[in-house]
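Look for chain A in each of the two complexes below; its partner is chain B in the first and chain C in the second.
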Partner chain A sequence: MTLSLEIKKLKRTGYFPAFIGAGFIASAFPVINMLARAQTFTALSGDPLTILMDANWQMMAMINILICVCGSCIMYHTEYADNGLQKMDVLPVRSGALFITKFVITALILAIIIVMETAVLAGCALHWFPGRGLSLWELLKTAGFQWLITLPTVMMMLVIASAWKNMWISLGIGVILVFALSILPQDLLILNLCPFSSPYQTYAMAVQNDRVSLFLILCPVETPGLGLLEMFYQKIRRCVQ
Partner chain B sequence: MNMIETRNLTKTYGDFTAVSHLNMHIQKRRVYGFLGPNGAGKSTTMKMFLGLTRPTEGQFYIDGKTYPKDRMSILKEIGSFIESPAFYGNLTGEENLEIIQKLLGLPKGSVSDALELVGLGPFRKRLAKKYSLGMKQRLGLAGALIGHPPILLLDEPTNGLDPAGIHEIRTLIRSLPRQYDCTVLVSSHLLPEVELMADDIGILNHGRLLFEGTLDDLKASARNAGFPTDNLEDTFLAMIDADNQRGGR
Partner chain C sequence: MSFLSLTTVELKKIRRSWIMLILLIPVVIMWIPSVIYGDMNFDTRGIPITPENNFFIQGFMGMVWFMIPATLVIGTVLLTQTERSNNGILKMLSLPVSTAKLCLTKFMVLILLSFVQMVMTVAAYYICAAIASSMLDYNFFLEPLYVFRVALSIYAGAIPTAAVFWMIAILIHTPVFAAGIGLASIVPSVLLINTKIWFAYPMSYPFYLLMVEYGRCADGIYTSEIDWLPWLPTAVLITVLALGIACIRFGSVQKR
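On to the complex of A and B.
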């Protein structure tokens, strides 16, 4: 029930259109890239999905992270703008449950846009790399991996957005983190595992560096770990309010 | 029987004491008027009842239940309106109440009942952000009244309403104990308003309860202390002034 209520709260906020729009922009990127520089990529040897991911994923991941930043800010701006969250606080509903539901909604819509993006990459592979083989299993593994490693970023951004009533502060912090972590060296493992940095990793890159299991273990641990920060924040908020 | 009772309830922020050793007694099925100048601690007290802020010291009991152990159970019994109307501007008045109705597990009809009760029936489909100040205030009240909770906490509920609206809400609040067996704690700056609405009165200044009792008790106590008793406003101002001259805290 909380899920349907949280979805209802997002009515007319532009949240879902923003995610779908970002999904379209990110999906359009590999198509435009291939239209402009097809020969550069088709001349490369190897798995077409890996070639396409290497060529496009950095930009696509950045769009995904940016929409998660904006989405989280929209969610909490809706709560704070007219004190809606204060009303929720005086109703018999656990604020932790509301936060987790927001995370679930963002994770689900993110899954939809990642599936959309992977489908477009598959379409590009079939169109520009005919006869070079494309496995559905590989596609599913890639989409699942990219989704899973983006979840800590989603969680962290929701924690940030919930902490500031002024949406511009959360948005500013989010955007600074997006750009700060994208310019840091990507070969440092510890940085690769950080929220806002991990989504830039690709499945092929992780396989090559033998880090798939590391990401598959750490990201699902990191996500609830960051969620605990929110629970702690909600506890201290009651003492200082 | 006391529906709400506090024992030495205290809230401090650093070295500032917002509420100091408060001992309140709110009887069942009565309207309790909570009076005090700005910053006296009325809203802080109400926020503590709702678990929005944690008491530094002391306890309170609501219908025999304690905080923080029974917070969820307490919230199920309370309808509240604190400081300013709280709603989702992107939703219509009706959608706002539907969220509360679903969270409280109330029947669907309770939404239209609450909207009609505060006179928002014709505007149910309008976005809450497009409501006038008075309409937002009414929506906040509808959110508190929905499902006829046994306890109502209303913090300056008539702010922003026109005289007709004030009269209407006052009549409504006055009728609640009789109609719905409801206990009401209402704070207001409008002293004549409280005089017309409340059965009991509590006067708060600098976080301390200066008086608690019925209007007749207040008049008798004021007369004994040499304060004017012609109207509540004069009595209230004289009491606050005397307390401030004594040093307040």
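On to the complex of A and C.
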């Protein structure tokens, strides 16, 4: 019940079109890049998907993170704008469930745009690298991996968005985090595992460094961990308010 | 009401918005890696640049390409959203003040905020240069006049960017779209800076100006001369056009 309710709330905020639009913008990167400099990439040897991911994923991941930041902010902005959250508090709905459904919605729409982006990457690989081989299994693994390592970021951003009533503060903190983790050196493993930094990893890079299992274990731990933090925070806030 | 008193009113409105803290944090964060990895400035990888210039340019790099436009986006969200709660904007619009003037004062506040950030950035630069100098026993200080000139030119280059973001924030009433378009438009500036049409893309102006400065400090990295001719008229045109549209459309949704 809460899930359909949450989706209804988001109907007129432009949330879903914004995500799909971001998916299109992110998907445009590999296409434009290949149209402009096809020679540079086709000359490289190796797996076409890896070449394309190396060339474009940094920017595509950044778009994904930014839309998650905006999306989370708007989700809680609609709640806070006209004291909606206070009204929700008196309904027979658990406030924790509210948060979880918000997370589920973001995770699902994120999955859709990541599949979209992977499909476009696959299309580019087929068009510009004919006969170089592309396995469906590899594609699915890539999409799944990218989705999984983006989830801690989504969770953390929702925690931040739920904590501040004013949208610009949560947006500001989100943007600062994106900025901070993009300027810190990328070769430190501990930083790579942090939310806001892990989405930049690519599957091929993780395979090369033998870190796939590390990411596959830690990211699904981080996500509910941050969720627990939110539950704690809600408990504390209820006492303070 | 005069322009000045309107601006002071606008500044009062955002007094308790925590925006100064949000402006300050990235400024501090951006210099931390520069200080920690201060010795990297001596390893110039064959680029003919002095360590002190390297310290200055590398420190500004992340700030200029991402954080300056991003703070402008946050500023537009702040300026549009503070008044939407409790319909404050309706009360403002019912006052005998021209809406265009109101729109321009809000834009002035946006510019003022980025100017405050510039001053903070320069101050943070000197503090960090002092720390790095004492840590590594090397003088990282650059002339204040030079530092201020570069910082000022970068932030002046951000004015057309601000105008475009302001127009987007006014035209698109849904905050998720306005902020999303703003933030998404920053990302491709890295690619566009190396194409011939960079001058038509306002989000890349601050980055371009820093790259030119980089080109001046280190030969062959980038062009060392600013291409004034296609750029200046385009930038002025974009700014005037964006502000014009913003002034015309300001408050039109509420006035319906």
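By our rule, the second predicted complex is superposed on the first by the 241 of 241 C-alpha atoms of A that agree within 3 Å, B and C clash if a C-alpha of one lies under 4 Å from a C-alpha of the other, contacts with A are read in each partner's own complex, and residues count from 1 in each chain.
Following the convention adopted for this analysis, a residue touches a chain if its C-beta (ideal position, glycine included) is under 8 Å from a C-beta of that chain, and two chains touch if they have at least 3 such contacts.
Remember, it's a predicted structure, so these values are computed and weren't measured experimentally.
Aligning the two structures on chain A places chain B and chain C side by side, free of any clash. Applying the stated contact rule after C-alpha superposition, one finds that A:R238 touches chain B and leaves chain C untouched. Of the two partner chains placed by superposition, only chain B is touched by A:K87; chain C is not. Within the superposed three-chain model, A:Q208 lies out of touch with both chain B and chain C [touch as defined at top]. Contacts of A:T40 after superposition: neither chain B nor chain C is touched. Once the two structures are overlaid on chain A, chain A sits at the apex of an angle of 90° toward chain B and chain C, using CA centres and rounding to a multiple of 10.
Contact with chain C, but none with chain B, is seen for A:I74 once the two complexes are overlaid on the shared chain.
In the superposition on chain A, contact of A:S135 is made with neither chain B nor chain C. Judged by the number of chain A residues each one touches, C leads among chain B and chain C. Look at A:K11: by the touch rule set out above, it reaches chain B but stays clear of chain C. Nearest C-alpha atoms belonging to chain B and chain C sit 10 Å apart in the superposition, given in whole angstrom.
Residues 13, 81 of chain A lie at the contact with chain B in one complex and at the contact with chain C in the other. Across the complex, chain B meets chain A through its residues 13, 47, 50-54, 72-73, 75-76, 78, 80, 82, 84-91, 95, 98-100, 102-104, 127-129, 143.
Put simply, chain A touches chain C in their complex at residues 13-15, 17-18, 21-22, 25, 29, 33, 59, 62-63, 66-67, 69-71, 73-74, 77, 81, 166-169, 171-173, 175-176, 178-180, 182-185. Against chain A, the residues of chain C that register as touching in their complex are 17-19, 22, 25-26, 29-30, 33, 37, 62, 66-67, 70-71, 73-75, 77-78, 81-82, 84-85, 174-177, 179-180, 183-184, 187-188, 190-191.
Against chain B, in their complex, chain A makes its touches with residues 1, 5, 8-9, 11-13, 78, 81-87, 89-94, 238-241.
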